[in-house]
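What follows is a set of structures for review.
Two complexes, one shared chain (subunit A), two partners (subunit B, subunit C).
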Partner chain A sequence: MDLKRAGMAGTLESSDIMVVVEPKEDDGIKIHLESPVEKQFGDQIKKVILDTLDELGVDKAMIRAKDKGALDCVIKARIQTAVYRGADSKDYLWGEVER
Partner chain B sequence: MLDFNNYVEKTIHLNNREEREQIERFLRQNSLRLENDIEYSFALYDGERMVATGSFSSNVLKCIAVDSGYEGMGMAGKVLSRLVTEEFRRGRTHLFIFTKPENVGIFKEMGFYEISRVPLKVALMENIPDGISGFTHRLKKNKKPGRAVGSIVVNANPFTKGHKYLVEKASMECDWLHIFVVWEDRSVFPPEVRYRLVKEGIKHLKNVTVHKGKDYIISNATFPTYFLKQPDEAVKIQSVLDIKIFQQHIAPALGINRRYVGEEPYCPVTIIYNQSMKEMLPDRGIEVFEISRKSLGGFAISASRVRKLLREGELNLVKEMVPDTTFAFLNSEDALSILDKIKN
Partner chain C sequence: MFVPGNNPGLLKDAHIYGADSLMFDLEDSVSLNEKDAARFLVYNALLNSDYEGCEIVVRVNGLDTPYGRDDFNAIVRAKPDVIRLPKTETAEDVKQADLLVGELEKIYSITTGSIKIMAAIESALGVINAYKIAIASPRLIAIAIGAEDFVTDMKTGRTDSGMELLAARTQVLLAARAAKIYALDTVFSDVRDDEGFEREVRFIKQLGFDGKSVIHPNQVEIVHRVFTPGKEDIQKSIRIITAAGEAQRKGSGVISLDGKMIDKPIIERAQRVLDLAEAAGLYKGGEKNETKCC
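Our next item is the complex of A and B:
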């Protein structure tokens, strides 16, 4: 999926994560993550973000994530929503993302 | 045990007198006031009682307050989330917060980064980690050597012979001159047009770079009261904030050690701004040169006078006050909608 503009999802409330997914000129994914549990789970959070983007076919994007202690399923859902918003797409591929 | 489901979220209709008074009262209790350029307000209620609120004007979040009895309960997070979501929905992604320095810590927790502050008065933050640093990084590419590196900030609404005179004088006295065009779209001439007319009007000068001021020089974020043109207690504080950002971030990126301003005889806001510049910049190694205005037939040439003449349809008088490049634009088809706006 191609990002057309910045897409945002989530909140800054406890147990959630606010993510902004932006188009990027060059290839690759860049993640700027801030989390109170970055030391313990930073790599795991980034893995969930990368896996979700991969499933959605996004290969160039700038991600800003402000984590408030979200579980993996929440992170995944927020990234999916932000990407759909940024790609201006409503063709939710439920089967695809359920894998 | 607190029941969190009792909180009601509500968009405030500022046209509704009762709701407006309620939010004004709540802000007053928190030593804040409702700014008069607010476009969206939101509040959280515990039953009938307002316990937290936040607002924004264009891309700047402000007037954010939480009842002291409800601190530490995630209220700020709820308010910020709602404001940020609403801004993105309106297509704005680079956001700012105008707040008191004591609240910087709370907003850092919410993914905002400090740009600058005036101690005890105000702090400005943004939601992009490399916002201001990215801006100055791009500026650095235009850095030019020289002992005297000057700068001028202009709104140029539109570019007049007065601006041209100031630029020519500064260009002559400096090794290099950087001009920043105010980028906020709150003047009758849109930013792209103002920028183009400045560039065309100074084409004959070989030691000048024209920059877009973007969000960091006299913008809705750094200096909202500039655009309201009313003398106000906030003008002084915001002047200081704007000049501090200039001195702290922008001047070092380009090696600027001079700032040129036109003497301001009329506008109270600009008078305060110029005064603050003279108070603050010399101590930081930036000399301020206030140049008396070029006048014509007993009147100082100013963009506001040009707009007045345009409103009255006195195009022949305008011709005397603007460079040929600006005059050519005013007679072009592109100018029709702008001239309409001025007349109405």
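Our next item is the complex of A and C:
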């Protein structure tokens, strides 16, 4: 999915994460993360962000994320929302059922 | 218990307050520009969270809105127990939803008919059509009255007595009973007024409702307390069901207990008391009467 503009989702409330997904000229994903639990969970948060972008076919993006203790499923949901908003797309693809 | 769909903090802990059923809301509690975000959030939460045995309901946006179809596409795939239709006015609303859920169950390889539907009746037209709505689909397990929109449609407002809702409540209840499905009552908005809330729960229980929607964890305990049968009622009901079972085994047509005749409606009521006691964890089965009631 190609980003056309910056897409934002989430809030700064507890248990949430605010993410901004911006288009980037060169290949690759760059993540700027702020989190009170960055030392313990920074790598895991980044992994969820990268996996979600990969599922959505996004390979060029700048991600700014302010985490407030979000669970993985919340991080995933906010990235999905921001990407679809940034891509101006409503052609939602729902992933495999996991239960 | 209603849980706003775009609030990760509430979504995360919703199951710890003892509600029998959690209703994740994509409709009125979500602003128009956050519908997509709430849908992604509830979808991912359902796929990845363990709500420890709570019944999972999702209130979607109506199919007459720009959000309804996307809500169904996502939520059916996340396999909740029940989808709640808002502002149901005709049997056609239910049939349309039933058809769509059926198609999506096939696409997603989900057992046909496994996702149930509940219809909220929130307008004068919906109340008038309550029975037609209640029998519109075998997937429909309950109808609920939604008071705020209903009183607005009736050009009035809500009062403590609830007299403005009486006609609608009884109509919805009659329709549910005639269709043999559940009837659920509306929310009580003043979360600080526990006394008023308990009064209303006692009133709607007496009318015959099966349960009540709540908007705050503090209200859960009150509903449970009112709906849970007392020890005396449970003991009396056990004796009635036991006597009915013995009479059936002996082939006796007439049942009496403590000198009083016990007939079918009394047996049905006793069985309902035991069903509620069993649901509350106060009774562990035993004698069962096979008379059907919901």
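The rule is simple: the second predicted complex is superposed on the first by the 94 of 99 C-alpha atoms of A that agree within 3 Å, B and C clash if a C-alpha of one lies under 4 Å from a C-alpha of the other, contacts with A are read in each partner's own complex, and residues count from 1 in each chain.
Definition applied: contacts are C-beta pairs under 8 Å (C-beta built on N, C-alpha and C of every residue); 3 or more make two chains touch, one makes a residue touch a chain.
Not measured: the values here are computed from a predicted model.
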item	value
Subunit A as common anchor, with subunit B and subunit C clashing or fitting	fit
Touched partner set for A:Ser14, first subunit B, second subunit C, both or neither	both
Comparison of subunit B and subunit C by subunit A residues contacted	C
Superposed arrangement, angle subtended at the Cα centre of subunit A by subunit B and subunit C, nearest 10 degrees	110
First (subunit B), second (subunit C), both or neither touched by A:Ala77	second
Which of subunit B and subunit C A:Ala6 touches, first, second, both or neither	first
Superposition-derived minimum Cα distance between subunit C and subunit B (Å)	7
On subunit A, positions contacted by subunit B and by subunit C	10, 13-14
Complex contact set, residues of subunit A against subunit C	9-10, 13-16, 70-74, 76-78, 80-81, 84-85, 90, 92, 94-95, 97-99
For the subunit C and subunit A complex, residues of the former touching the latter	7-9, 11-12, 36-37, 40-41, 43-45, 47-49, 70, 73-74, 77-79, 108, 110
Contact set on subunit B toward subunit A in their complex	74, 77-78, 80-81, 84-85, 88, 91, 93, 110-111, 127-129
Residue ranges of subunit A touching subunit B (in the complex, touch as defined)	5-8, 10-14, 18, 20, 22, 32, 34, 64, 66, 68
